[in-house]
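This is the structure I want to talk about, given as structure tokens.
Each chain carries a letter (A, B, C and D) given by its place in the written order, and its residues are counted from 1.
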């Protein structure tokens, strides 16, 4: 229902510098940003493609069932049972997750509800430094300090348990800081409301705040799980790298990542392809975790609730 | 430029200047790339430093394992491969130039009471038929077998010496590199593994609780490797493909010369006498 | 970064004291363990860290001599990673916050792909970099390859954090700028980026820390050579690889590995305090 | 003035019987996800008059205001707007023109003062640059002139490099007005400009608004009926029916306040419904 008597006159002229016919800086910027954006979205596909391409010979020449049913992992004599590594990866990372999440939650809760602000900020700074610590330092320390200690309990010391302990130490700073940020973003009115009802700090923190930020806690745990699953150096150093199914937590295990580091240097072409395949498996697990985090945090119309 | 932005842009400008300056400094001299065995790489790292003195050449030593070295050489990604094993039958088109020898010896935690093991005993231990030191006349203590990654040059030499294939080895623990092997043995009572003699000697000097076991009646020492009485040895070689360029030939001659024997001895390997 | 949710001091009740005790125990356990890690490393390595260690070339595969070329390589790899990753992730975050609605399909694709990238194991990036940058693009094993591989690793971390920063910009700034007739470009360069400068620097630090700590992604990409690199196409050994090699591959390398670890921690502290200094400056 | 007005000379016949309305909105309907926020609102603002928009919360006053300078693209990106808007006889919506250019002609002041976290000078310069003014030499004069217009010059002339956020609320709001005037707008929109201010600052801003109408037209959304009565020439009463805002009554302020024709208007101005 436009007014027929008024014509749509040409635009007001303003002293914006045109960059040629009809091209504005705004338009150029928009295109440039869109290209960067496209690049970011494509990069996942490129990484996936390169890994898939590396794994293709293995997928083409070895039937997938053999990765589960071969008697052992001896690629030099064409035995390709990957189950021990898969189990090793899953057990170490889940163990680390189970250990690290409650501790991280305790740290975050203490920093937000109990410690005085100065102590909390010092503690956060320590976590920040530890989060940036190269994992090789954790592995190195674990091998020289934790492994001999575990060896006294039950030989040989390098074991699933050692891997779990060191990985937990490694991911605690990341998960604790993530949960801490979620707590610190809680609206003050919410906390004041709880205190005004006469709730103790423990009640406020564990029955109210934790429930409100539960998704953030869960995502932090999943991100920690992802880090533990992808960790290479630590597990190579402390888990013993034995490609066999463990029967107790004191048994050595080998993870998929350790498998790659151990063997990629002298692998024949088909062997290399199987190593790319183990990376591909990890990539798929990581994608699954990412989907889970995404569903939790960005689930369509329900806004992020932290 | 708005003021709050200035520190950021300064940092970027410095980083950019740094990077482009680096990129522009293309050099005209000959460049040699060496890739391969992580055992040979430290040796060549030192040798090439000496080699470059007074020559118009730059060398880059990259590690990644003997097989990676061969692959890179075949693909033309490198000029020289470094290997710590003999050339395989499938690699006959290549030429190996041995620069040093390295002995592989069984290595045990110092609390292991035995000092000598025969090849048969070693075979029994590494295939899992013996799993307690008492079966070999020691105390009642479990044997912890530590092997190196399947296909690593050390493993191949050791297994070949014992006449075993990789799948027969029943290792409890697998180590990735020499130093990790030594460290793992040193923190695991009752453990036995195998390692390059030179590497172990360095650590024994630092007081690490490990010992090298004699093979049969020949003690695992550098002297015995040098005089040929110790059997489980491997060549450390440089490998070339086809016609060598002048620079490569020069490097190989230099690496075999007496000038570098001190470096090789310092790193606890045995130089090849010409 | 703001940490609100603080409460006034008041006497704690019975349950609170018990809970406080448990939490303090966890806190102390973690604190003491980290303290022990750092203490062990410092005691082992501090005796080797002196001026000569900082300025000399390594000898005997790092068992003697210094780490000067390694520090230089580390800074180059870091610079390339930051120079590549920060502008790209800034651009991505700006595009997502300023040009897309939070629930559009493209925004979802962005979040999902960044999440996947952020959870991919770093060794996968190592193999990717060695295949893609070193072989397909022909950069070989070099500082450039290492830097680009790290950049790819750091982009999702930075892009996510930048997006968060930009979304938290007070709406008043946005409305104010557009109501004055500013176009998008002017708003982005003169309001959005300057007003978030402090947070941007924090995010850059986060990414730098991650890049500095990375080992697995650099094992196959940036190189082993401990020579002084002459250009970014030369291989160069970074500190984390040096530590890895000394503790895993070089017999008797433990002490020097600890010394290098001290340097790495020191380098991180220097970089973060420079960042904090700049972010304070940006605030005023 | 910054904006060339050559186009106004080509304008077509005036649309209504009343002489030359400065701003004219015809049949504005705003819908969001299928829900109509605002239904068929038409009103026109004469030059040099103050039009007050009053009505209970949630009746679409602010939505209507933001459609006038197309800020709605930023505040409610998913909303669709129908109808047309004419500024000085030239249709500006729908139009191919960049909305950014329109906002230099129709300025807007928000409920909360929103100075940028930079210096006062940079706040003013940003507005000039955003309006496309490239004559940098004239900046100081323009800044002074506009700060004088809002009675801030004497207080701020020595503090131009101070951060704008360090000013008091009332000063911030006046600074925002000065900033908005720099592009020489024909119409200024105020969205409850005094609701976040204390009574004294509020009076100062109110007096300022009355002064501004000598050179331009003003549309002000306000909850404060007394304020509307004091400063406005015409009043528009909005009311929400079935969830959509509508223009219920439009007329001279005196008539709306004292002799409204509609029952809802009467009830509202007498404080009977909220």
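Keep this in mind: a residue touches a chain if its C-beta (ideal position, glycine included) is under 8 Å from a C-beta of that chain, and two chains touch if they have at least 3 such contacts.
Since this is a predicted model, take the numbers as computed values, not measurements.
Hopping across touching chains, the smallest step count from chain A to chain B is 1. Of the two chain pairs examined here, C-D and B-C, it is B-C that is joined by more C-beta pairs in contact.
Centrality annotation: C (chain centre taken as mean Cα position, compared with the mean over all protein Cα atoms).
Taking the mean of C-alpha positions as each chain's centre, the chain lying farthest from the centre of chain B is D. Chain geometry summary: the mean Cα position of chain C and that of chain D are 47 Å apart.
Mean C-alpha positions place chain B and chain D at a centre distance of 78 Å.
Averaged C-alpha coordinates give centres for chain B and chain C that are 32 Å from one another. Residues of chain C found to touch two or more other chains are 183, 190, 194-195, 220, 247-248, 254.
With touch defined as above, residues shared between interfaces to two or more other chains in chain B number as follows: 2-4, 38, 63-64, 176, 180, 183. Within chain A, contacts with two or more other chains are made by residues 16, 144, 236-237, 261, 264.
By the touch criterion given at the top, residues 69, 71, 74-75, 77-78, 98, 100-104, 107-110, 112-118, 126-127, 129-131, 176, 179-180, 182-183 of chain D touch chain C in their complex.
Only residues 38, 63-68, 142, 144, 149-153, 165-167, 171-176, 180, 183-184, 187-191 of chain B touch chain A when the two sit together in their complex. Residues of chain C that touch chain D in their complex: 101, 170, 172-183, 186, 190-191, 194-195. In the complex of the two chains, the chain C residues touching chain B come out as 57, 59-61, 63, 75-76, 79-80, 82-83, 86-87, 140-141, 143, 190, 193-195, 197, 200-201, 220, 223-227, 229-235, 246-254, 278, 281-283. Contact residues on chain A toward chain C in their complex (touch as defined above): 16, 24-26, 29-30, 32-34, 36-37, 39-41, 43-44, 46-47, 50-51, 53-54, 102-103, 106-107, 109-117, 120-121, 123-124, 126, 128-138, 140-141, 144-145, 169, 172, 180-181, 183-186, 188, 191, 195, 200-203, 206, 223, 226, 229-233, 236-237, 257, 260-261, 264, 276, 279, 282-283, 286-287, 289-291, 293-294, 298, 300-301.
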